[in-house]
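Could you have a look at this structure, given as structure tokens, before my questions?
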């Protein structure tokens, strides 16, 4: 199954007084990876959220944090499409340091109209991109 | 079952370019409510994370976002203790605007040593506080 | 000179691995106080940034950080209007813990159109509010 | 004069409901660039803030925001050392999109002990690195 991969260094501003990753910042990093993935599929959020007025809010998260990450750690995010619905998509995320899975999550995104904030059926081009990504045999890396 | 309740106004800095709450900021607000609750039980994090070197990382989240929140909305957080483990506690959170549940989540926290980042059995005083809270008949509100 | 005052507790999520306030979070707190002040003057940002399409970006900051703040500290923000320009306003901020000034800053905001992101002359009602605030003899506190 | 340069894409989470960069996030990005620069000089913050117990808080900022940045913009940060004091350093930052300066700031950092939060004289190795950087003829880029 195709995977989108991205690397992030855990910065000072991502860490808490306990010296480990502050989990709300994990979600901020994760959201940035999801944004980067849409861009790599040819759908920059600048266009989706701008002229096309399409939102992609998260409606469900299941998250397991397994091990703490520390200041300066290199985090490898990996994203796969688990299921494509008529108006939603389920993503599986794994975040590793070396071979250790630090945390993982299942995220459900829905397509919405930014005018009504109601869910909409995937526009054809977005659905095609999701299906193509899901069916591609190789890992996708962002351009360096 | 006892509930801890807290109110937060959704600020400009909590919102995203779609004009609704940015979900990583929701977790930041939630974490602040959990911190406030520990303080109301007599255990300010200043003391836990400082001299006592006790951490309270989250190891699991299940979150359902049901409706968007908008700039200026008044969010009512409500927290209940679902289960007290030997080294962990499960919390149920509901976040409402008026009578509408905007989102809800189940959060599992564990007690850890900040020196080893390993889980520890609840210190007696913390366990007593959790049990007392869980068994109290009334809602708890923070001091105004 | 009139002052707007607001109190914030320094939360876990506002602090860094050094155990003190992370300065980007200070600016986030400050922005929330400015937002609260506009609301107290009768101009909630929900309306300004929504139907009225008026932005209030910051064009200049001069900040002096004098002493660190720690987890759990109660911060007292105090805001005064220093100068009202045709399209801008200068604010003086002081942030204290007890009687100690932790940091202070001069901030210049401008009124802009959110359609063009160009500066605009203050709409009359906003200018009247700024002048009334500046000339009021007493400190303003937000409703509890 | 030597410059350290770094590039950041302005992410969704960096933007506000007005659709432009939220300035507290600018400071978060800036802090990450400063962290990266110290790492490139051989002093990762993991070591400074960890075993060496050295803090680098900011004591002064002068910031001019000249033009808004939008979702997806590529921001080029450039950092130069203006002045090295006995216990402090002044940095000049410019943030550009293409050839346009979006914002610039002068930042004063001081070295502190994380045990006392008092300023300290620069440890020799840190001072040597700062002087070497300042005197180097070329721009420094982080490893790709």
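Chains: A, B, C and D, in written order; residue numbering restarts at 1 for each.
Everything below uses one rule, namely that contacts are C-beta pairs under 8 Å (C-beta built on N, C-alpha and C of every residue); 3 or more make two chains touch, one makes a residue touch a chain.
As the structure is a prediction and not an experimental result, all values here were calculated from the model.
*Asks:* Under the over-half criterion for shared residue numbers, do copies chain A and chain D use the same patch or different patches to meet?
*Replies:* same
*Asks:* Pick the pair with more C-beta contacts: A-C or B-C?
*Replies:* By number of C-beta pairs in contact, B-C is the larger.
*Asks:* What is the distance in Å between the mean C-alpha positions of chain C and chain D?
*Replies:* 25
*Asks:* Could you state the distance in Å from the CA-based centre of chain B to that of chain C?
*Replies:* 28
*Asks:* Indicate the whole-number Å distance between the mean C-alpha point of chain A and the mean C-alpha point of chain C.
*Replies:* Measuring from centre to centre gives 34 Å for this pair.
*Asks:* At which residue positions does chain A touch at least two other chains?
*Replies:* Touching at least two other chains: 12-13, 17, 19, 22, 24, 28, 31, 49, 71.
*Asks:* If you look only at chain A, which of its residues touch chain B in the complex?
*Replies:* Within the complex, chain A contacts chain B at residues 17-20, 22-25, 27-28, 31, 49, 55, 57-66, 68, 114, 117.
*Asks:* Would you tell me which residues of chain D are touching chain A in their complex?
*Replies:* Going through chain D, the ones touching chain A are 9, 11-13, 19, 28, 31-32, 35-36, 39, 44-46, 49-50, 70-72, 144.
*Asks:* Any idea which chain C residues touch chain A in the complex?
*Replies:* These residues of chain C touch chain A: 12-13, 15-17, 19, 22, 24, 71.
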